[in-house]
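First subunit A sits with subunit B, and in the next complex the same chain sits with subunit C.
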Partner chain A sequence: MTLLAPSALVIAFYVLLVRLLAGYSIPVFRRYGASFVLSSVWNPGSASYGILPALMGTAVTSVLAAAIALPVSLSMVVFLNEYCPSIVARVVASVTTVMGGLPSIVYGLWGALVLPELLRSYVMVPLHKYLGFLPPFSCAPVSGWTFFTAGVLLAIMITPYMFSLVHEAYASVPRKYREALLAISARPYVIAREFIKMLWPAVIGALLLGLGRAAGETIAVSLVVGNVNAVPYCLFLPGQTISSLIANNFPEASSYPLMLNALYAAASVLLVVGMVLNIAGLALMSRWRSITG
Partner chain B sequence: MEVDYGVSASKVINWFVAGITCLVTVLGLMPYALIVTSTVERGVKAIATVGILKFLTALPPSPGTKGLGGVGPSLLGTLALTALSTLMGVPLAFALAMLVTEFPHNIVSRSLRALVKGLLELPTILAGMVVYSLVVIPMGTPSIFAGALALTVVMLPYVTTYFETYLGSVPKIYREAGYAIGLSKAGVALRVVVPIAKKGLIVGVLVGVSRALGETAPLLFTLGAARYYYPTSITGPGDSVSLLIYNFAMMPYPNLRAVAWGAALVLLASYLIVSLAVQLCVRGVEA
Partner chain C sequence: MRDALRIVVAVITALIIVGIAAAVASVFGSGIGGGGNSRTLKPATTSSPTYVKMGGATFPAPQYLAWIKSFMREHPSIRVSYELLGSGAGVSRFFDGTLDVAGSDPPLPHDVWVKHEGKVMQVPTLVGAVVVTYNIPGLNHVTLNLSGKVLALIYKGVIKYWDDPRIQELNPAVKLPHHEIFVVFRADASGTQLIFTTFLHKAAPSTWPSTLVGKAPAFPVAGSGRAAGGKGNPGVANLVMSNPYSIGFVEWSYALENNMSIAAIENAAGNFVKPSTESLISAARSAAKHLPRTPLGDFSKDEEYIIYPGGKDAYPLVAWTHLVIRVNYESQAKARAVAALLKWIAEKGELNIIPGYAPVPENVRQLMVEAANNILHAAGS
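Entry: the complex of A and B
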């Protein structure tokens, strides 16, 4: 019986969470309807709230992050499992795990004060110069605090997470498959290729979970994304994401009509997006586990 | 499936794949090396300028003033927040983990497990918003207590998951041995299962501590960023090292940024110490 009291607390928290989110968001969706997510005007003075730029910012930065982190994590998994001595593999895997738990503010500080200049001089300027005809690279990188920087920083932050998910799945492939491949003297790259084909659900699952994590990240992103209300038609612009929008506007939200509501509505949108990604990701992961188990 | 008879395309491909994955792995690990070295280098520089003791106890510089100062009130705040949230979160997590491992096959346990796992996916900034509306507004002021509450929400699912894993991994034989000597269900749980899983439970607590040490987003709206005086009560505003770094990183003053680097080094060092302890305990559990 005493064990049931804590469960009541958890359930109470959920009830309060849903009540808060619904209570604040419903007036916003009633009043603005679809234009809340389709308009790009954010003007608390006239009580106009549209989160399109922030929503697209979240999408662009987290997709960029996952697009960088996935090949890196896959390469790491293949290299560590197939090509390198197991002692090195173990050390690298635990270092990666430790880096995955590093407080995001440490990533954020480095991302705010070191990364922008590095990326601007060595990546953004060359990309703009040689590939500027492509829309994502079309604008001149005026400052280092951009969607691109946020995407790269997020990639650095989610790589350990995606790596450990894929690494775990890779290690759980039953031994008999490796033995079968070795029996036909398959080279390591063939083993890696066949393994990755097998654990495709886990790879996609890791991708979705990584996306979900990137979409929810707040602190590091607000420090690097530039915090400007702009639609990301080009990667080298400063902008914002849903979470950075909340972080920057929440403190003064009570002084404007409906602003607190708008921010709660934005948080609801973020929560729904995150939930869809996470549920899909976890479903794929558990499908993979049921294949091996 | 290629089968290899001597020199062949597959040998070349194999070397190519080895080279590429090696290169990407090294490149992929570089940012972490850069992050740690810049933090250590700049942090040591800042801390060495004022001396470690002063850095850990003095007040930070105000924007626009000269000199470095320290992070005293923020550090005290982080310690208080970590202690408070651990005190609230660990017993709660323990009870939840007990419930779902001791009574695994019923609707309550199954839905609780899902609900607690769901908290893992809650954006941490949302935990701060909820505590702001439920605690900060009624109390009329941000406070260390409110911050600790938000941290508890964030750490709870991690600690519960660890507790659950280690309590659940105690072999059945030990439980049966407990019942055989006439212990009740509660007796078996508390006097057989918990002692066996002790090291694992410590891992869970440490993971919670390492979360609480470094989180920033849940504290943005709940803590109050009062860093120019030592907090005297947990019902009043306070600060944390992480929040100080967040605010100072955005300021255009070199001395505040230097303090931020020093504070980041303090955070990095504490996180690494806790992680090392976790690694040692985990090795103990698995051995």
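Entry: the complex of A and C
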């Protein structure tokens, strides 16, 4: 009976959270309906609240972050486990695992100081020059405070965490598989490839958790994303994400009628998107498990 | 052995990272500031001190913190703290009882004042200024002349290049470069932004309509790809300093602290004026006649008269910042402490102003003394 209490507490907490969010958000959805999510106009002075640019900004920066973080963390796992001398591998893995557990704001603050100008001169300008025919790189980077910089910063923030999740799963593969592969003289690359195939649910899980973390970052993102209500039709534009929108406007939200409700509604949209992604991911993982047995 | 090694590595890494984090946080803590910073000194006396909790606007915070430090030295039994929350949050917490005194750049709006009429007082404590700053390689210590109309066109996205004839004609002696202007504004809803947009509206009403006036207006230039919002004054200052050919607006004290270029703005009399203690006082004097005669009065229109005021030497981007005070405090000790603070500011504080602000005119200081007397009277002393 006493074991029921903690679970009940957690459920109660989520119910209260949903109730609070719903309570504040419903007036906004009632008034604006779907246009809250589809409109690009955010003008508190005329009580127009539309979060489409912010929502697209969250999507673009999180996807970019995951697209950078996943290959990097996977490569790191493979390298440390298959190619690196074991002492070095253990030290680097331990250090990175510890870093993955740190509050990512620490990296965020560093990135905010260093990244914008560096990325602009050495990455964005060449990308625009040589790959400018691709839509995401088609606009000339005027300044370093853009969606691209936010995506890269988020990648830096979530990579140690994703590494530690995949690394743990990799290290827990039973020895018999390694022995079997070695028995047929498989090269390290083949061993790694087979292990990753076995671990695919864990990789997807790490990806989703990383995406979730990236979507929730607020202050670090608001320091580099440019804070402009613009649709991300190109990566080199300044913009915003839902989290940075909320972080920027929350302190003074009482100055405008409905602004606080609009911010809570934006948070609810983020919650719903996150839930949908997680449910899809969990469904995917359980399907993989049933296939691989 | 393996486990011991792991533990040692983890502990060393953790210590290194905590050390780096502390170093980064201390660099950033002094730069980015805001959002819940509070400073309180420990009480020096053994008898229980009276605590006065203040908080709110970040605009006057450096001056308030300097005043509080000197005040507490003279009154060791009173401990005052000022939290940097923003005007809106400060006023909300004042009305819900968490703060004793709120600092607010804009005065209480009319409907809020009416609701609390007779129970709340406001006093303008300082005159502050918003400056327009820019970063043009080669021209950074040359003073540019700008007018409200030109600024309105820049922030609307209509004027795109620095060498636009409308800017060039105000600066015939300066060779402006042909480069796109990178426009910086505030990412967060802010009193400084309200002052700037009110000025644009008053100086160029046909270009900058009243729908674009506010703490968080939708700047038309935002969609152009050459604009960005900075978080707080430090964020704007950082963006302007890091992006060449940019323009932005910050509080005067921040521009002075960071040695940024300051533009001369055209005032209502047609003169291009830079901010200085004299030009701020000149603006304040001409606006003081429109203030209510008593701290219990309605101050909601006072910014309209001080922004873009008359006076040939007045700097046009000036604003009052206010303290919002109760008439009735819950204890005699607190009432006496708040009254003492107000009287101290009126008598000594206004004589010791740090760079970036100007004192309020003499007749306005009287409002602080009157407010202090009202508090003491209501507490029965």
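As a convention for this text, the second predicted complex is superposed on the first by the 252 of 293 C-alpha atoms of A that agree within 3 Å, B and C clash if a C-alpha of one lies under 4 Å from a C-alpha of the other, contacts with A are read in each partner's own complex, and residues count from 1 in each chain.
Everything that follows uses one rule, which is that contacts are C-beta pairs under 8 Å (C-beta built on N, C-alpha and C of every residue); 3 or more make two chains touch, one makes a residue touch a chain.
Quick caveat: nothing in here was measured; it's all calculated off a predicted structure.
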Once the structures are superposed on A, label A:Ser138 by its partner contacts, choosing first (subunit B), second (subunit C), both or neither. neither
**Prompt:** Which partner does A:Glu252 contact after superposing on A: first (subunit B), second (subunit C), both, neither?
**Reply:** second
Partner touching more residues of subunit A, subunit B vs subunit C, is chain B
For A:Gly45, decide between first (touching subunit B), second (touching subunit C), both and neither. second
For A:Leu109 in the superposed arrangement: first (subunit B), second (subunit C), both or neither?
both
Requested in this report: Check whether A:Asn229 is in contact with subunit B, with subunit C, with both or with neither, and answer first, second, both or neither.
Outcome: second
Report task. Go through the superposed model and pick first if A:Val91 touches only subunit B, second if only subunit C, both, or neither. Result -> second
- Task: Look at A:Ile156 in the shared chain and tell me whether it touches subunit B only, subunit C only, both, or neither; answer first, second, both or neither.
- Result: first
Looking at the overlay, does A:Leu17 come into contact with subunit B only (first), subunit C only (second), both, or neither? first
Which partner does A:Ser286 reach: the first (subunit B), the second (subunit C), both, or neither?
neither
Both subunit B and subunit C touch subunit A at residues 94-95, 98-99, 102, 106, 109-110, 113, 223, 251
Given the complex, residues on subunit B that touch subunit A span 1-4, 10-11, 13-14, 17-18, 20-22, 24-25, 27-29, 31-32, 34-35, 38-39, 92, 95-96, 98-99, 102-103, 108, 112, 115-116, 119, 121-126, 129-130, 132-134, 153, 156, 210, 213-217, 220-221, 242, 245-246, 249-250, 257, 260-261, 264, 267-268, 271-272, 275, 279
Per the touch rule, the subunit A residues reaching subunit B in their complex are 2-7, 9-11, 13-14, 16-17, 20, 71-73, 75-76, 78-80, 82-84, 92, 94-96, 98-99, 101-110, 112-114, 156, 159, 181, 184-190, 192, 194, 212, 216, 218-219, 223, 243, 246-247, 250-251, 263-264, 267, 270-271, 274-275, 278
Subunit C contacts subunit A in the complex at 2, 5-6, 9-10, 13-14, 17, 20-21, 24-25, 28, 32, 35, 85-89, 91-92, 180, 182, 187-190, 211-218, 222-223, 225-231, 235, 239, 242-243, 246
In their shared complex, subunit C is touched by residues of subunit A numbered 41-46, 90-91, 94-95, 98-99, 102, 106, 109-110, 113, 116-117, 139, 142-145, 222-223, 226-230, 237-238, 240, 244, 248-249, 251-256, 259
